[in-house]
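Both of the next two complexes hold chain A, though its partner changes from chain B to chain C.
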Partner chain A sequence: MDLKAQNISKRFYRKAGESNYFYAVRETDLELPSGALSVLMGRSGSGKTTLLSMLSGLLSPDTGTVTADGRDLYSMDDRKLSAFRAARISVMPQGRAVLDTLSAWENVFLNARIAGVRDESLVPRALELMERFGIPDLKEALPKELSGGELRRVMLCRSLLLSPEVLMCDEPTGDLDDQNTALVLDSLRDYAHQGHTVLLVTHEADAVSYADRLLQMDAGRISTPDPV
Partner chain B sequence: MLKSIRSTFVMLGECISMSVDNIRGNKVRSFLTLLGIMIGVTAVITLISTVSGVSGSIASSFSEMGVGTLTVTVTGSDLKSGMTPDDLKKVSELEQVDGIVPTVTMNGRVSYGNQVETNIPVSGKNAYYFVLNEDLIIQGRSLNYIDDDNNSYVCVVSQEIVDTFFFGVNPVGETIYVSGLPFLIVGRYKEDSGGGIAAIFSGSPDIMIPYTTGMKINNSNEVNSFTIYLAEGADSETAKSNVEDLMDQIFDFEEDCFTVTSMASIEQTMETMLGMMSTLLAGIASIALIVGGIGIMNMMLTTVTERTIEIGLKKALGAIPWQIQIQFLIESFLLSIFGGLLGVILGLLISYALCNVLGTSFVINGGAIALGVGFSAAVGIIFGWVPARKASRLNPIDALRSI
Partner chain C sequence: MRDLVFRNLRGRPGKTGALVLLVTFLSLTLCGGGLVLSSLRAGLNSLENRLGADVIVMPSKAALKTDLDTLFLQGTIGPYYMNMSTVNKIGRTEGIGRMTTQVFLSSMRASCCSIPIQVIGFDPETDFTVQSWLAQSRQGTLKDGELLVGTKVNVNVGESIKLYNVSCPVAGRLAPTGTGLDTAVYCNLNTIRSLMAAAGALGGYSYINGDPAETISAVYIKAADGVNVDDIVNSINIHVRKVQAVRTRSMVTGVADSLGGVSRTVTVLMVVIWLLIWVILLVAFALLAGERKREFAALRVCGMSRARLSGLVFAEAFCVSAAGAVLGILLSLVLVRSFSSLIEGALGLPFLLPSSGTVAALATVSMLVCLLAGPIASAVSARKLSRVDTGLILREG
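Now for the complex of A and B:
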């Protein structure tokens, strides 16, 4: 699925200096093709997460449109958009985005539960993903018993479980060591090369070498949309 | 279409499952949330069940006292102040009437030898009274129809009289003086004189004499109060109506000469009053349920704020607003219903203990249980609605920022 943003902007209320607003994303055009790992880099506060939120259907832009295979995401009502996202777009947010009352295994299945998917074939896939990311023994562990890096990998397994057409990851390697960082980046590139649309938001310099498309964000604008 | 319906059911199942997971995962918070409902339902069940038990006991006491009786009080008219023995005979000959017991009471000065006691309760009874209470006499004989007809100066005495005047002496055959008149003691009776509601209301006498003799001592040839014992299977309302008709004739259709009270109607009035009391108490206790419901709403609203991350994450992962709303509603419903069930169990236990202490029968009131559980379920849905709606409208981006 190709994702396309046209002239999107988003501003937030913030009393700073002479203006009451600041632009997190400003008049940005962007296309995310399928089959390629797009890496969005930039300093903290440059608008990366806001852009990811708008592209994934979580945050309505003030101006412009976001289309998925030609379909305007924000012309759908809340119910349809949620169902569309649950079925086709997977987001891996920053931080500890897990439910503390569920085990690691249950957290991996959270997407499937929300989407109402009950498929026995998901069990071997979940096992395979946990194996691949080096956390097969942590099925029964609760989030509070896991390290930051282990939690990231649980979240990654969750994001990949339903094989979404579009995968957007916000700082997925934040708490990982070099070896696991390489493993995750490698997996994301492989996943993209299987024909999926993958956007990786990071400020990890190592990610550059894995990118099929490198996007640089600065002060709400994409400054270097050059292919690598 | 079929796939979409199946998917909706799976989602609904997941909502229930996630609600249960969340309740189990936050045991202390869940318990505190359901505490209000539990206390409310406990109060309702305890009150209704205890009042039911008391009501049942009162009804059975009335039944023991004699539901098949009519109590007649005569105020009389200017020409006729009471009922003569002939009038009473006419009443006793009515089809539905088994017999009547007139009530003649006085407080007498009683003496035997040199010993004198005053204010001794003396009651005039007829032979039928002793037919009704055949086990009453424990020594000698009872008063009979001949005694009634002849205004005999005979009496039966209680154990208290025996202890007072005849310690170590057989009282039967002795003569005792009541209000200066000599009475031959023909029998001794048990302290618990029985005799139905009239005896209970008039107190237990120490000496019983023929009622006709009692009337004579009172310088009257009429009685102003008597109890009618109905024949087996007689309808008390029909009998009451027939007695009223006859007494209207006796009193020449003068107004307000007498009142006939059916024990069945007293019992019915009592039951109605207890029912009203029960409803009133349940109404007051229901306030506790509403307070419990508000407690649930407060706790759920706090929970929404506390669970911003969870809600935001689920929405970010594609949860449809109704999924979030349903999950919160199911949670508040389950908490309420669980609180309600705990309240029912606790209420029944407390009611059982109270009934034991009060000495009344314990009754499990199905209506009260249905009311308690139904009300708590409704409270859960009504008071869970606002927090559920708030949760479903939460902006996922705001939530994800706080991760």
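Now for the complex of A and C:
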């Protein structure tokens, strides 16, 4: 599925009720093709996470449109957009986006549960993903018992479980050692090469060597739209 | 998503417990307050039913109104008697439809008596105030020597009570009235006269003068149809010496006035406390929702719609409310039942637990109100949460 953003921008007010605002993303055009790993890099505060949120249907832009296979995401009502996202777009956010009351195994199935998918074949896939990312023994562990790196891998398993057409990861290797970083980047590239659309937002310099497309973001604009 | 609701609630036992406790207080205030008010109303109705008469005449030595209050509300009786000749004079008053007599006797805290208790003797042939009550719990007539005990008298049916060295078998237990009459025992005139004779023989009752058969404590009068009750009262007070007649309605009115005051106070307190707790619940839901912003963002990231997210919050609030409501109802039943005597004593009003139908209705109303109050209290936070852009929460880090 191709994802296309046209002239999108987002501004935030520094303090509610004041006219003092800044642009996190300025009139940006972007196309994410399927079958390629797009890597978005940039300094902190350059607008990477805001751009990812808008591309994934989580944050409505102030201007412009985001289309997925020709459908304008933000013209859909919340129920339809949520169902669309649950079925086709998977997001792995930067922060701790897990339910503390569920075990790691249950958190891996959270997307599927919300999407209403109760396919038995997901169990071996979940086991295979946890095995691949080195957390097969943590099925029963609660999020509070996991390290930052383990938690990120649980979230990555969750994002991949339903084999979404679009996968967007925000700093997926943030808490990982070199070995696991390589494993994750390798997996994301493989997943993209299977025909999926993958956007990776990262600081990780090593990610450059895995990128099919490298995007550089600076002060709310993509400065090198398609250098690779 | 049902299991997610329960997992969320179970996963935060402390916070869930605190919310359940708040709803328990809501339910307790509503159901408990309602039970107290219903019990007071039931007590007043019972008092009216038990009085049965339009006029009560007692010896003028008795401060009549006070003694009636004492008798019916506390079950204690003043030691005042009149002669049968006086009763005959009262009987000649015009406009009387029915008339019956009662004799009161107090047992002593001494070796001659099992327990200190009030004994009320009534005339089965003329009685129109006691027997309808007795019929609720016992069929047939009361034999000489037998007693019926009030619901609060701690003696079992089949056992005996020793009064002035006379052993009297307990033939039955009376239905509760919520008045002082629940602490008394009842017998026919023959029995009470033999007890009075026994008491006189023991020298315990120096105030009993003359023949017990000629001694009466109170006369109960029902006016004939169309007769002004005040005319009877005035006629007796003017023409019969050493007695005082009083309209029972004035006594019931006095109790009803007190009840009205207490009811208003209890209702105002209930409303104020209820609203205070509800506001605390509202704040608690808001605080908890703020804490869970990240968790809700995670659910949104995973594809949950705003409507489903609100549904999740409502479902949690509903479960918390249901648990709290049930606990509050059970607690109020236990507390009001356990402390009914204490409440009765503190308020100085007749107090009778209402029928099971009324209790069920109160419990149902309390349940419904709490089931609405919890989710409504959570609605503000649910709406606020579902409106926040998930991207913003994630951006905040």
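General remarks:
Just so we're on the same page, the second predicted complex is superposed on the first by the 222 of 228 C-alpha atoms of A that agree within 3 Å, B and C clash if a C-alpha of one lies under 4 Å from a C-alpha of the other, contacts with A are read in each partner's own complex, and residues count from 1 in each chain.
The rule is simple: a contact is a pair of C-beta atoms (placed from the backbone, for glycine too) under 8 Å apart; a residue touches a chain by one contact, two chains touch by 3 or more.
Predicted, not measured: the structure shown is a model, and the values here were computed from it.
Steric overlap between chain B and chain C is present once the structures are superposed on chain A.
Judged by the touch definition given at the top, the superposed model places A:S34 against neither chain B nor chain C. In the superposition on chain A, A:N111 makes contact with both chain B and chain C.
Shared-chain residue A:N180: touches no atom of chain B or chain C. Contact with neither chain B nor chain C is seen for A:T65 once the two complexes are overlaid on the shared chain.
Contacts of A:A83 after superposition on the shared chain: both chain B and chain C are touched. Contact with both chain B and chain C is seen for A:A97 once the two complexes are overlaid on the shared chain. When the two complexes are superposed via chain A, 386-394 is the only one of 62-70, 242-250 or 386-394 in chain C with C-alpha atoms clashing against chain B. When the two complexes are superposed on chain A, the residues of chain A that touch both chain B and chain C are 53, 58-59, 78-79, 82-83, 85-87, 91, 93-102, 106, 110-111, 113-115. Against chain C, in their complex, chain A makes its touches with residues 24, 49-50, 53-54, 58-60, 78-79, 81-83, 85-87, 91, 93-102, 106, 110-111, 113-115, 158, 170. Across the complex, chain A meets chain B through its residues 53, 58-59, 78-79, 82-83, 85-87, 89-91, 93-102, 106, 110-111, 113-118.
Every residue of chain B that touches chain A in the complex is listed here, in rising order: 7-8, 10-11, 14, 17-18, 21-22, 24-26, 309-310, 313-323, 396-397, 400, 403. Interface of chain C with chain A (complex): residues 1, 4, 7-8, 10-12, 294-295, 297-308, 389-392, 394-395, 397.
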